[in-house]
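Working notes, beginning with the structure itself.
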Amino acid sequence: MSTRRALDVSGLPPYYISNQSPLFLGQVLLCLIEGSVLSILIATYFYLRLGVDAWPPPGVRLPEPALPTIALIPLLASCIGSYMASEAAKRGDRRKMLLGMSLNLLLALVFLGIRAYDWGSFTFRWDSDAHGSIVWAMLFLHSYDVVADLMMTAVLIVIVASGRYGEKQRIGVHVDSVIWYFLVGIWLPLYAVIYWGPHFVGVSR
Amino acid sequence: MSSRCHSDCARSFAVCCLIALMACQREKRDLRPAPAVAVVYGAAAVESDLHPAGKQYRVPQVTNPYEGNAYAISEGQRLFNWYNCSGCHANGGGGMGPPLIKQEWIYGVEPANLFDTIVKGRPNGMPTWGGKIPEYQVWQLVTYVRSMNNLEPKSATPARPDTLEQSSKTIFPKGIAGR
Amino acid sequence: MRRLALAAFAAPALLAQQSALDPAGPDAGAIRALLVFFVVLLGALFLLVVAMTIIPLVRRHRGIDQEPLERTHRPSANTELRLKAVTGVATVATIVILFGLVVLSVSVGKATSSALDRTNSMVVEVTGNQWWWHVQYANDDASRIAVTANEMHIPVGRSVMIRATSNDVIHSFWAPNLQGKRDLFPKHITTEWFQADRPGRFRGQCAEFCGLQHAHMALWVVAEPPAKFESWLAHQLEPSAAPSGDDQKHGQEVFLNNACAMCHTIAGTGAAGQVGPDLTHFGSRLTLAAGTLPNSKGNLAGWIADPQSVKPGNHMATVPIKPEDMQPLIDYLESLR
Amino acid sequence: MNPVLTERPIDHSQDLAQEEELAKTWHNLRGLSGWLSVTTHQQIGMRYIVTAFVFLLLGGFEALLMRLQLATPNNTLLGPGGYNRTFTMHGTTMMFLFAVPMMEGMGIYMVPLMIGTRNVAFPRLNAFGYWMFLGGGLLLYGGALTNTIPDAGWFAYPPLSGPQFSSGKGVDVWAQMITFTEISAMCVAVELIVTILRMRAPGMSLNRMPLFCWSMLVQSFMVIFAMPAVMIASTVFLLNDRTIGTHFVNPAEGGDPILYQHVFWFFGHPEVYIIFLPALGMVSSIVETHCRRGVFGYPAMVLSLVGNAFIAFGLWVHHMFATGLPQIGEAYFTAASMMIAITSGIQIFCWLATMWSGRIHLTAAMHFVLGFIFIFVLGGMTGVMLASIPLDLQVHDTFFVVAHFHYVLIGGALFPLFGGFHHWFPKFTGRKINEKPGKISFWILFAGFNLTFFPMHLAGLNGMPRRVYTYSPEMGWGLTNLLATAGAVLIATGGVVFIANAIQSRKFGAVADSNPWEGGTLEWATSSPPAQWNFTNLPVIKDRYPLWTERENPGIVTGMRNDRREVLVTSTLDAYPHHRLVLPGSSIWPLITAVGVSIGLAGSVAAFSWYYVATVLGAIGLIGWFWPREPLEIEP
């Protein structure tokens, strides 16, 4: 009766709410994809900037950095909410999860509100010239990602609030913070390029 | 299969055919103009039918053969610059000549009216192009002018010319909030 | 060895009308030499690799000692060692050869495409349009700027600088017998230098896909002795020959009254359209419709009557000419020597 | 509580009991809705392969049409418009709808089998990826039915592909189709990376992983970084310029057509290595099995795969040497383009060393590998010639380049793929493909290929530009083009012979046991065709070729629950068991999400606001996808 080596894994937990779960690696890869999208857009901005002399053409008011600088505060604060929610998800503390996610959602909406107002005051459109096209493209793609992530957070709030959730949903809450950290982090270079770029790169009017 | 399902399938099939038909009309690309339109209005200003060499048996083309055709619009856009229409009309915003993107048209914006305007010219400076521009190219110009006023299907109209600034910018100088 | 390879390449049967293998200038010559060197060296390496692939097939019963385990094969330690040495040497050899090829091609690249030793080169401005070439001989004094289309005469032995741009899409100026290709971009000027060492007619063709008639966008570079070139250039500067005989006069009237004058220019007459090729000295050109047809009365009649059958999709208008006007128009155009 | 390794007596009755339980857990639902909600990697992998093969046939038909038009000078089979549309559809179909999805399909099918797990990491994302790929194919060929066909080439340089010079919606359909296939490629890439890094069988450390899995891992990372560039080039630049009037590539308004070329080819060159790396993995699998020994120089092979990936991102400008960019830049790209020949060279040397010291069984699969080496090395040589600027200026955009990239694409990817079909056919279908017609189809394909594409080198050097719909007789290209057309017909017959052989063998071929070629890697440990759950007991690995060393009593994993779809998550480097993971079962929601997103994206060809429709429909699908279902609590 020959024998064979047997590895008994029945003792291992059937789930793992931490950065070790495969979903976490999946989210990191998603952030890599979005990161390469937005970094190519930044490279495009400088390529277009160095291709023309007057940037943007005369008669177009550059986006002012005042308002977006203020908007950075709620954005960075929302990371605290996201961190609170992800740690609470590990422990399974429902109240803290709801609190964290709602804080994250509200602060992010404040940020989006300020951005919408600032965006509305631009005197150029996506079809006015190359500068308008690239700035609108950057803002649109970043806003699209932020809105998509906030929709996900909102759905998670509803699920956790309804009480009908299990370990898989808690992994979802824990891992949702990865994308949010990324979106906040990638906004810093984008913000610097859109609002400070024209003043530092090449001769500006 | 229940009858309701029949009607659903029939309806969805009809919609697909409609899309296909519209797409075919938009995408048709006849490089050689049909003989009927490959005629040049010799004496454009002639009003009466009396001709020295007997009656000219050619019923003028009234309907636009290039209705909604993307290739014709793109050719019209090229001819708009080649025949220097942009010299007076700019990119549709108007300069020495009247703007071509507007609501009220003195001589009408139907294809036949535009055709007559181009072929016979108009007072106050619109030259007579009949005899100078072949008729099928006049129809292409007519289709392009109508596409500037969004009277041609949106899917056949190019978003912007490669050369000039976006014409719609001149209409919305204020920021997006002011749109 | 190199002479053998050169002969193989120059065999007449292999040569075509516009061929990179039959250089008529220093640049194309340098590139052809580099090509022959690459083909010989890389061909030898390729044959070596193919040999190394076939030998293990035929030498089934070889001496290297392995345990004849039918199911698996674990070669002995010194076989692995010998293989490690061979692959190591092969890799190092590859790196060295490739490094050499990089150095060689960058040096040849410098020689063929830089302007170091081309001081007094003649400047020709080429503008690509959808499906024909506008050629203009630059000159400081505006009155001495000669304009022609789809044909470029150059003096033998003198370097020519092309300043190239495009009016619509991306084209690519390429005369294989003389030099490599250079793309033409709208709103952007690219430059290239070449030189012809022997007189002759060298065909060039657009090499970047540019739409419906990309296949029929050719031009002829005619290299001729400097004296002959100077007389040709001087002749190009004169306005068009006046029509002689009422046949040609009627032809000129037909040209001016129809849509022809809207697009074409004939210096000395009222026709000054800028969007079509310049026809001032049309009669003296080798081809018509950008190298599609040889320039003859029959071809010209066919081209004017129905351009879409010759080059479907091209931008020449189908202008219906009455039959009695066609012959005088042809006579007039061909008279524009 | 850490897993415990003990010696257990082999108990086949227990294995049979487990198989019934597993069969109940892993069976797919019946009927159409069951078929549409499948999430097991074998079904989805096979769907990728079959759909991509259909697109190969379509692309092949277009190629034949082009060859017939170019067979004789001044031919009138296709007008200029028809020819431009045919070569655009040929290039687009082959690159986006056949090559990448086929390699991804082989990866999805083989990787879980080779690393000893039961499914890919995100099964529903896998299904979503396939439906998006199918949506892209339907959009392109659906557009073709309504005469909306792109005609600006498979890389559609503006301003020709811009709003002014390409009328109609053909180029828009092309641009949006890329979004579909690129979403599907990125879904597969994310799954494969997570599956390979986190779900290998216990004991399979990274240096014991089969080379095919290494090439899929490296390829997936290239997809992650390359595909976004084509999304930007095709949708953000080209589609927006054409539909809402942005000025990215409008030379008059500050845009720059060369910007499009840079961003496209930053994706373009990694794309051809994304197609080529899995083929290297397949060649490694075939060589080590049919030469009866492990591939020589495993670490060298892995390092050259990784090196290949890094250099591939640094040499895209060799597609743009003719644009007249500054000299220094071009010299760097010459060096980079030549450097990548080193990594491929190392792989060839290692395979040759394996063949030298192995006992070669000349099966049909081995024929295709030998054909690969011959054709790919020749293509590599012309590649080195193209890397040098002066040569490239003479042969860029001519038929010499057409010959080069067919040598490295058909030679480098199609031949290993056909070799892979012959090698894994028993595993796919349970029957061995019969060798004689396999070898015949190889020789026809090999002869036809060389007869078609070798003369093209000469046509290119003789000045024949690329993408010309006709040429005049006095150009001297007539003979080479006639030979090429004859060769193309030969390739077509070779393809027909292969298809007939495959169909015939599938029904009447010799029944294959689980390891017909005596292979060493894990995919040969499962039955042929493998059960839905692949391994009744997940294997435990001791070295690189488990089936060669411990054929009799392979190690197994016990203690997994069989009443739910459970897999083992192991650590990244040396695959130490970390925790068990419950994978979702069949679900219709990926299809609903894909249909919703497809409708929105297809609509965005007409108007920008359809992106919002795509967002809303996609959100609805995703909410249904992630909505919590019973059982909520996962008991240990």
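Each chain carries a letter (A, B, C and D) given by its place in the written order, and its residues are counted from 1.
Assume a contact is a pair of C-beta atoms (placed from the backbone, for glycine too) under 8 Å apart; a residue touches a chain by one contact, two chains touch by 3 or more.
Keep in mind that what you see is a predicted model, and the values were worked out from it rather than measured.
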{"item": "Shared chain contacts [subunit C and subunit D, defined touch]", "value": "B"}
{"item": "More contacts between chains, B-C or B-D", "value": "B-D"}
{"item": "Rounded Å distance between subunit B and subunit D, as computed from the means of their C-alpha atoms", "value": "46"}
{"item": "Whole-Å separation of chain centres (CA-atom averages), subunit B against subunit C", "value": "38"}
{"item": "Whole-Å gap separating subunit A and subunit D, where each centre is the average of the chain's CA atoms", "value": "31"}
{"item": "Between subunit C and subunit A, distance of the C-alpha-averaged centres to the nearest whole Å", "value": "51"}
{"item": "Multi-chain contact sites of subunit B, meaning residues that touch two or more partners", "value": "31, 78, 159-160, 162, 165-166, 168"}
{"item": "Multi-chain contact residues (two or more partners), subunit C", "value": "168, 186, 212, 312-313"}
{"item": "Multi-chain contact residues (two or more partners), subunit A", "value": "127-129"}
{"item": "Partner subunit D, residues of subunit B touching it in the complex", "value": "19-20, 23-24, 26-29, 31, 70-71, 73-74, 77-78, 154-156, 158-166, 168"}
{"item": "For the subunit C and subunit B complex, residues of the former touching the latter", "value": "168, 186, 212, 257-259, 262-263, 275, 306, 308-309, 312-313, 315, 317-320"}
{"item": "Residue ranges of subunit B in contact with subunit C within the complex", "value": "31-33, 38-40, 78, 82-83, 131-134, 136-137, 162"}
{"item": "Subunit D-touching residues of subunit A, taken from the complex the two chains share", "value": "1-16, 20-22, 25-26, 29-30, 32-34, 36-37, 40-41, 44, 47-48, 51-52, 55, 57, 126-134, 136-137, 141, 144, 148, 151-152, 155, 159, 164-169, 172"}
{"item": "Parts of subunit D lying in touch with subunit A, wherever the complex brings them together", "value": "1-10, 121-122, 186, 189-190, 193-194, 197-199, 202, 224-225, 227-229, 231-232, 236, 240, 244-248, 250, 253-256, 259, 262-263, 266, 540, 552-561, 566, 568-569, 577-582, 615, 619, 622-623, 626-628, 631-636"}
